[in-house]
Amino acid sequence: MSTLTQDTVSPAPASPIDKPNTMRAVKDKLATVAVYTAFLIAVIPLVWILYTVISKGAGALLNPEWWTNSQRGITARTVGGGAYHAIIGTLIQAAITAVIAVPIGVFTAIYLVEYGRGKLARAVSFMVDILTGVPSIVAALFIYTLWVTTFGFERVAFAVCLALVLLMIPVVVRSTEEMLKLVPNELREASYALGVPKWKTIMKVVLPTAFSGIVTGVLLGLARVMGETAPLLILGPPSKAINMNPFEGFMAALPTMINGERDQVVQAAYDRYWGAALTLIILVMALNIAGRLISRFNKVSR
Amino acid sequence: MSTITGHSELDAEPSGDKASTGRRGDRIFGGLATGSGIFVVVLVIAVGGFLLSQAVPALLKNDANFLFDRVWEVNDSGMRFGIPDLLYVTVVSSLMAMIIAVPIAVLVALFLTQYAPKRLASPAAYLVDLLAAVPSIVYGIWGFYVFRPYTTGFQDWLAEHFGWTVLLEGPVSLGTVFLASIVLAIMILPIITAISREVFAQTPSTHKEGALALGATRWEMIRTAVIPFGTPGVISASMLGLGRALGETVAVMIIVGTNPGIFRFSLFAGGETFASKIANNSAEFGSSSKVGAFIAAGLMLFILTFLVNAAARVIIERRKAFSE
Amino acid sequence: MAQRIDVKDLNVYYSAFKAVEGVSMSVDPRTVTAFIGPSGCGKSTFLRTLNRMHEVIPGGRVEGSVQLNGRDLYGKDVDPVAVRRTVGMVFQRPNPFPTMSIFDNVAAGMRLNGEKNKKVLQERVEKSLRGANLWNEVKDRLAKPGAGLSGGQQQRLCIARAIAVQPQVLLMDEPCSALDPISTMAIEDLINELKTEFTIVIVTHNMQQAARVSDRTAFFNLAATGKPGKLIEINDTDKIFSNPAEKATEDYISGRFG
């Protein structure tokens, strides 16, 4: 075998295809095993978490009150109440965030793909990357310094939304940018050749072509910000009652509902925070899966 | 910063653009797009600027050395705060998370691009991506209430046998930096995997075939062709993961922040990171008199993540320059 | 150490699609055999079955037998990796490993085979580079990246890399199609020298090239698109070009189609 080929010229074996090198074959097998194992290791937490949340949280969700009632007047020890206030709070905050972040994100992406050249474009692209990496707690602190210390406003749900906007913009920019880049140049040129101005070309030709991809990006972005807790801790103290006004009073949200009850050791609170966790995961996963499905559908149609 | 030079160029932009006619619709639309771009730049600068402006007064009132003193006493009578302990726990937990996550992420990326049968590869990739969709607070409660009991035996064993190293010294606290690192590793796994997967998939098939034709086994082909090609991408992916870990708040807060106790260098101690310190004290944000210290800590975190992310970006750019 | 190849009734598939049908041929040691034929006739696909590179493509499989000195390459206990070490290959586009130096590129295959002795490596790298007519051009910059060479030099580097593992057969898949005429001549000269040591099979689009470098020529053709490619005839090169047995061969080499 080729184990000892120390002589200056290693002789070619007579019929080398009969003699696979065992050491190398073993290494190859080991690598295969390692690679498959790594994948299993990566999937275990996902399965485990989903199992945990479903098994511990499903009970709360099966009670119809969960979807209709708030926690008003309910202490940690008492059973009952629902998550309606938190669900509606999370949805309202997500909606406001999207309304602000999507136009800015989409227009920034349009700038980067359709207009941007030179230093400013590079600066914008760099800053989008930096924004992607800004921790949610830093975004929250920034809005705090702006909203509370500079303007002197109270901490309200709208301030939370502003912090979430910061986190959502880069997701929307990057996914929209990807989609716009995929729109073939011939389409734009065909439109210009018909005498259509650039802005109408973008509005009527480029954006519709990229539309489903942009929707995917928005849904994934929403999925990310809905699960954020840090901005809520700093800017949106929890509430047990229903409040639909983002500019006044405290508004509940699912992450703060979990956080508020998680260190209680009584069964009632335990059921509630796992229930809230399951509700949150369902919302986030639904958005996530919807986003992926749309992008897959989009691929087929191309 | 670079925007100032960017502005002058901006004015020249629309006129140089042949497709834009000078009509009003184009001017408005182009303006909106450019405005959004500038807004993003201004936003990031404002984040740094505002944090700095609020941190400075607090730092001036600080009776301790911010960078070197290991105290954190912020109350109405005065402020003494320093960050070395926070910095230590932040960096150590994130680095540990990276050490755990990167090898697994690279192997998973290799699985998805080089090993998994085609039909299985994309649903498998999606499963890993779903890990990123789990909210961090869920990671926190799962990590602390469900996962922790399974790790205590292992942690005790490590502390017993390797306790002589400072890092693994016992006793093992309830929520440890060690446990936080594992959970952080799970949380950053999807992003590192996703980017590594992308670069591995781009390995030119000519390079792979070149290696195979020399009689390389699949693993040797990966080592000769795929990994060298993907290394810069993996490095920048790891940096992005590190950035995520540094700034992760709630999961860390739930796991290590439960009872920080007396500071120890051991991984088996509790502790506070920049982010978890701020979040743990979120009650203070009701009155703005004491928040300056936390904003100073937030500023440090911002600078730290900025540097890490900028470095990742530079590496990616350089790789692009190479491959084109 | 050159060896003979015997192919019997070989069918080649991409999943369900039969790309090549019923090929039987023999290749003698220390000869150059050229495969010619129109695009899509399966000559490259067939070439890749001779070192089991075909099965690298998902869904790629074969029926029939390919024997190397009487041993079936597709036998049950045969390791495809060992086959590829024995039957080297040079590709259409030069593909030096971009992250490796010239030296490391040539040494790559030997290192894979566990050769760690520096002296042996150095000797064999020099011998291979000389064998590929590249030594004089690169001996002063062995530590520079291989990607910095010209296209023709890169292709000779790839040939050096292939012969450094001391294969018994060398397959070349249109090795000159990405090169300029001068580099092409250099490679053709090299093929003439290499055949004293190796059995060489070369796929080419260029009939003059086939005529210049090969001892025997095989003509492949396909009845229609979507139909499998077939071996039409194989014979001594001068026979094929002067007096082919088949009408299709004559039409092809006289430029009437393809």
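Lettered A, B and C in written order, each chain numbered from 1.
To be clear about the criterion, a residue touches a chain if its C-beta (ideal position, glycine included) is under 8 Å from a C-beta of that chain, and two chains touch if they have at least 3 such contacts.
All of these numbers come straight from a predicted model, not from anything done at the bench.
Ranking all chains by how far their C-alpha centres lie from the centre of chain A, first place goes to C.
Looking at which of B-C and A-B shares more C-beta pairs in contact, the answer is the pair A-B. Distance between chain B and chain C, defined via averaged C-alpha coordinates, is recorded as 48 Å.
Taking each chain's centre as the average of its CA atoms, chain A and chain B sit 15 Å apart. Across the assembly, chain B contributes 217, 220 as residues in contact with two or more other chains.
Within chain A, contacts with two or more other chains are made by residues 24-25, 28. Chain C has residues 81-83, 85-86, 112-113 in contact with two or more other chains.
Residues of chain B that touch chain C in their complex: 117-118, 204, 206-217, 220, 224-225, 228-229, 231. The part of chain C that touches chain A in the complex is made up of residues 1, 68-69, 71, 73, 77-79, 81-83, 85-86, 112-115, 117, 119-120, 123-124, 166, 168. Chain C meets chain B in the complex at residues 51, 53, 56, 58, 81-86, 88-89, 91, 93, 95-100, 108-109, 112-113, 158, 161-162, 165. Contact residues of chain A toward chain C in the complex are 2, 5-6, 8-10, 12, 15-21, 23-25, 28. In the complex of the two chains, the chain A residues touching chain B come out as 24-25, 27-28, 30-32, 34-39, 41-43, 45-46, 48-49, 52-53, 103-105, 107-108, 110-112, 114-124, 126-139, 141-142, 144-146, 148-150, 155, 166, 169, 173, 188, 192, 197-203, 223, 226-230, 233-235, 237, 255, 258-259, 262, 273-274, 277, 280-281, 284-285, 288, 292.
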